[in-house]
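Going in written order, the chains are labelled A, B, C, D, E, F, G and H, and every chain counts its residues from 1.
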Amino acid sequence: MTVAVCMGSDSDYPTMGAAVEILREFDIPHDVRVLSAHRMPHEMIAFGTEAAASGYKVIIAGAGGAAHLPGMLASVTTLPVIGVPVDITALDGMDSLLSIVQMPRGIPVATVAIGGAANAGLLAARILATGDDALAGRLRDYAEELKAEARAKNDRLPRDQQPFGFKNG
Amino acid sequence: MTVAVCMGSDSDYPTMGAAVEILREFDIPHDVRVLSAHRMPHEMIAFGTEAAASGYKVIIAGAGGAAHLPGMLASVTTLPVIGVPVDITALDGMDSLLSIVQMPRGIPVATVAIGGAANAGLLAARILATGDDALAGRLRDYAEELKAEARAKNDRLPRDQQPFGFKNG
Amino acid sequence: MTVAVCMGSDSDYPTMGAAVEILREFDIPHDVRVLSAHRMPHEMIAFGTEAAASGYKVIIAGAGGAAHLPGMLASVTTLPVIGVPVDITALDGMDSLLSIVQMPRGIPVATVAIGGAANAGLLAARILATGDDALAGRLRDYAEELKAEARAKNDRLPRDQQPFGFKNG
Amino acid sequence: MTVAVCMGSDSDYPTMGAAVEILREFDIPHDVRVLSAHRMPHEMIAFGTEAAASGYKVIIAGAGGAAHLPGMLASVTTLPVIGVPVDITALDGMDSLLSIVQMPRGIPVATVAIGGAANAGLLAARILATGDDALAGRLRDYAEELKAEARAKNDRLPRDQQPFGFKNG
Amino acid sequence: MTVAVCMGSDSDYPTMGAAVEILREFDIPHDVRVLSAHRMPHEMIAFGTEAAASGYKVIIAGAGGAAHLPGMLASVTTLPVIGVPVDITALDGMDSLLSIVQMPRGIPVATVAIGGAANAGLLAARILATGDDALAGRLRDYAEELKAEARAKNDRLPRDQQPFGFKNG
Amino acid sequence: MTVAVCMGSDSDYPTMGAAVEILREFDIPHDVRVLSAHRMPHEMIAFGTEAAASGYKVIIAGAGGAAHLPGMLASVTTLPVIGVPVDITALDGMDSLLSIVQMPRGIPVATVAIGGAANAGLLAARILATGDDALAGRLRDYAEELKAEARAKNDRLPRDQQPFGFKNG
Amino acid sequence: MTVAVCMGSDSDYPTMGAAVEILREFDIPHDVRVLSAHRMPHEMIAFGTEAAASGYKVIIAGAGGAAHLPGMLASVTTLPVIGVPVDITALDGMDSLLSIVQMPRGIPVATVAIGGAANAGLLAARILATGDDALAGRLRDYAEELKAEARAKNDRLPRDQQPFGFKNG
Amino acid sequence: MTVAVCMGSDSDYPTMGAAVEILREFDIPHDVRVLSAHRMPHEMIAFGTEAAASGYKVIIAGAGGAAHLPGMLASVTTLPVIGVPVDITALDGMDSLLSIVQMPRGIPVATVAIGGAANAGLLAARILATGDDALAGRLRDYAEELKAEARAKNDRLPRDQQPFGFKNG
């Protein structure tokens, strides 16, 4: 497996599943697991410590509230760890964002947007593509698809009730 | 030792020293250590896992930024863990407060105010006093001293330039 | 009774009931009451002042908005007081969290997460377990159950539509 | 005495003194005291409970952090209570503002700006002026002075280095 | 009329109606109007300027978003103005609270909680009661009712499924 | 076309459509397009660079989250650019507001309220009216209509159940 | 005069002076005045009401705290009003930003960054340039100067102690 | 060059220099440039578009306020882009953090802490180490050094004035 997708609880799956979809779309070998920093601390530490030796190249970790999973995994591995703040408390994910992104000097976590699991998958792909030209090519294709989608959205904007000619962008 | 005072870095000492002073004032056996969740994760986990067996009754843990130390210690022990948010980043300690207090169901951290290390020491004393009547007595004395200090502050308020009689509260 | 569970209004019960459930699960004698800092101030002060003499060991207090109950109880007792911010206003519980946690030097409140009443119950159990080995044992069992639940959640993650082998964590 | 100016600690005086100055300027009889909700809870409750019978008409109360003094006084009196958030913690007074203003239905606190003690004095004057025409007249004079000051500030704006004619507002 | 209840738009009425109910409950003569600082600025200024001469004693003003109504009225009258932040934007009423409470030195607005219109009514009553002993008596009765209600809520707490005896507070 | 209405995605249309309605109401020639700073960066840059030469006078740009569209357009044109923060993430539009308004010295964006697309249309009209007296006249008419609407809202306030005479404002 | 620069107090001048400098640099006729929404409300309303007839084309208004000046001016004129949040309270200008930007539907204020007075001047220039080709040309020159400055900053970056060849961007 | 370190202005260098130091310490070829999204938009787009073809593997981009540089670079390249929020405005870097991290689906930016440039350098190293075993080894050495430093800090904690034996952690 190349990418490990970890989450603090299965209640994070509705958010984190988007990372899995992206990895599948890019044919990047991956597995997915519940790995709670707080409920399974010893397994979490053991998993992170051995992740590089197990063959993983990138770890994606999502958690909500006082979100310690991404930072603790980053503390026991030298692999790049991507953190996904999950919005599960009353504070709209701000607690999770700050718990993940504000890491001290020495231990980086590559943080994406609150709920931004799809971007976590894409960031993993960008990282792996630094050593994989074919994957880099697929990322360029993906960017073209995003552009085409945005253009198609432009064509579908409501315009017919409008009194003057509208041109597309 | 009864209370372990832990902090993520020696740069937390100017804040955390107030907890040590309180413990000393109440004659509560304690030790103090730098125990970084991120730079010494395995030692941190080991310390927390063995803390109860080592004879500790309460753990006080302070950290700033993405502050994972209190929550991770609470995850590997069943001792009460008191968390002290330390204000060391641009965000005025709010990142640290949320990283410590917003723990998920199952793993409590007893959080005090940002920079509230003295209160962490007092909370440890209140916890220990649930089984120690002498300590409970000293806490009652301490409350009396606080009251006397507040009254003394009242007496020292600037009043002399004022045109009408002022009475003390 | 060992633990007093207090709340500012019965509208806090949907949140605070989780503390009661935990205390019941751990067989910790407790009672529960509406005790409003603002609507019953004299009774509130009287209750807190006499709580230790009445035999309580720990007080759990929940309130929302400008939440003064936990801090005022902590001001008239030397028992450990656990504060639960309740999310009842437009501000997502942030007003309640800050009203509870930002106590001045001298009067600690052991604050848990917004809505974290279950953790308030568990923190009470941890505090009482400092003098009760059997309870400490039950807390260790509880931690094992949390771990087993987390593992079971891992086993139930959706994996079948995925193109490569997934291994469990 | 007509107005009681209360503060949680003498460290609030540099802020709260501005209320005293305004009251003196308007010749409103007042006294000033340290009255800590947390360190002198019983005296605080007693003071508030008897304030109306003692002849006070308005209470001004300032406090910082988890600021409970204004709300608790409002809970034991039916006099109007004016709350002044004081900026003494890392959170820029936001904790104090929310602790004072977000009072539950039934117990109002008339909250002014963070550090707005002068306005607390003026609000007390406006309240007392509802039954005192001479005081109302002085408040109208005061408004005229504010206007004159603002005009004078306009006249002092730096304009001389400017290439075109400037007219005053 | 003694109290003017003003609001920026009729969409504020679901919030502001609670002030009207309180005033009616206390038999305080009042009227209610839409008075938009932004859509009727000249009428708003005229109303405020003449409010005292028209016989009003207190103004209650509610508005949402960039809420200028309370502060502008306070600028053209010396009557006490009570501001009610109304939660009508994406920002949970925080924009409205800060627009109302953070008034500059010289022009106080007595601010209540976000959505706290009932308390605005009660604060008006407390202000008027400084010169009206009968009203002060009704406010004391009201406080007794609040206390009785809180006690009744205590009696209705769910307790029957609980394994140990519960006593009421 | 005089005004270009741009948005980062068609999911912004429910918000941004209000700008289109205002422009139509004021007979201001305009077109509307999806123009994503992130998915169509080169087209976005090209559009902005040529906007003035294409005859546009004002650009309205709306985007959510890390909203870069208004600021990037402002960077490649000297036309006035009006930015509309759109509330599409967990953070209530605060991320979008700050991403749009906090532009560095040299590159202004005229920012309106979160979701304030109607005001963006009106601001475009005010800008164009600096050189178009007829449009200025229509804006004055619009202000009169707003005033009339506010008065009509006043007339429709619920008043009939009230015990004393109410007069309209 | 073409542009009116208004500010709530002379204490805003250290911030607002940057708008004046920009207007002078672009040779845009302007004047500057203290115009307090709260201390000179009637003059403020009168000034705004007559601003268009007086020949102004754009108004720049800065204020701090509960900043009502920009919105109130926008309410009595149909000229474009540019609002500058000024950071003068404990809340880092956030109170001022929200008081200015969150205007209700119907009354736009073109808000710039906290302290962004230079950008207010530039936005005024962009607005005026919609009908003034020479000014538009000067704005294009200004953009070139910004670019040149940024390139010069690049050339001055510290690079000499570095072990590998650095190329300029 | 392997890593491009970009910043919006030379005023970001005091922050961003820490990334350069780390890259130098790990012997990672890099260059550094001022590349302003807002003042040099066309060069910025051109640089990002060609970065991969120019041989770069990772881009580090820092900016403050409405920080668009990291996200815009990520929009025109498929290289991993690391964003560093820089604290240069009144809002403590929160504006910059949200402008960088809250990117829409499709365009990830790997965000580090406010001011966390050293961690940006380390994250670049972790990314490059996914294809470079020697670099991975140096990262493991670096982690050991961090641990050793933390232990040394522990040894230097002030302990001598304390009444009981302290043991090191």
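To be clear about the criterion, a residue touches a chain if its C-beta (ideal position, glycine included) is under 8 Å from a C-beta of that chain, and two chains touch if they have at least 3 such contacts.
Because the structure is a prediction, the values reported are computed rather than measured.
Trainee: Compute the centre of every chain as the mean of its C-alpha atoms, then state which one is farthest from the centre of subunit A.
Mentor: Measuring from the centre of subunit A, the most distant chain centre belongs to D.
Trainee: Suppose a student superposes the Cα atoms of subunit A on subunit C; what rotation angle should they report, nearest 5 degrees?
Mentor: That pair's rotation angle lands at 90 degrees.
Trainee: Using C-alpha centroids, which chain lies at the maximum separation from subunit F?
Mentor: B
Trainee: Over half shared numbers or under half: where do the identical copies subunit A and subunit F land at their interface, same or different?
Mentor: Because under half of the interface numbers appear in both copies, subunit F and subunit A meet with different residues.
Trainee: Could you tell me which of C-D, A-C or A-F has an interface matching A-B, in the sense that over half of the contact pairs are shared by residue number?
Mentor: The A-B interface is reproduced by C-D.
Trainee: Just give me the whole-number Å value for how far the CA centre of subunit D lies from that of subunit E.
Mentor: Distance between chain centres: 18 Å.
Trainee: State, to the nearest whole Å, the distance from the C-alpha centre of subunit A to the C-alpha centre of subunit E.
Mentor: The mean C-alpha positions of subunit A and subunit E differ by 47 Å.
Trainee: Can you compute the centre-to-centre distance for subunit C and subunit E, using the mean CA position of each chain? Integer Å is fine.
Mentor: Measuring from centre to centre gives 33 Å for this pair.
Trainee: Check each residue of subunit C and list the ones that touch at least two other chains.
Mentor: Those would be 9, 39, 65-66, 89, 91-92, 94, 101-104, 106-107, 109, 113-114, 143, 146.
Trainee: For this structure, enumerate the chain pairs that meet the touch criterion.
Mentor: In this structure, the chains touch in these pairs: A-B, A-C, A-F, A-H, B-C, B-D, B-H, C-D, C-E, D-E, D-G, E-F, E-G, F-G, F-H, G-H.
Trainee: Given the complex with subunit B, which residues does subunit D contribute to the contact?
Mentor: 1, 6, 9-10, 13, 17, 20, 24, 27, 29-36, 39-40, 43, 47, 65-66, 89-92
Trainee: State the interface residues of subunit B toward subunit A in the complex, per the touch definition above.
Mentor: 8-9, 37-39, 41-42, 45, 49, 64-66, 68, 71-72, 74-76, 89, 91, 94-96, 98-104, 106-107, 109
Trainee: Tell me, which parts of subunit D touch subunit G in their complex?
Mentor: Touching subunit G: residues 87, 92-94, 113-115, 143, 146-147, 149-151, 153-154, 156-159, 162-169 of subunit D.
Trainee: Any idea which subunit C residues touch subunit B in the complex?
Mentor: Counting only subunit C, the residues touching subunit B are 18, 52, 57-58, 78-80, 82, 97, 101-114, 116, 118-120, 122-123, 126-131, 136, 139-140, 142-143, 146.
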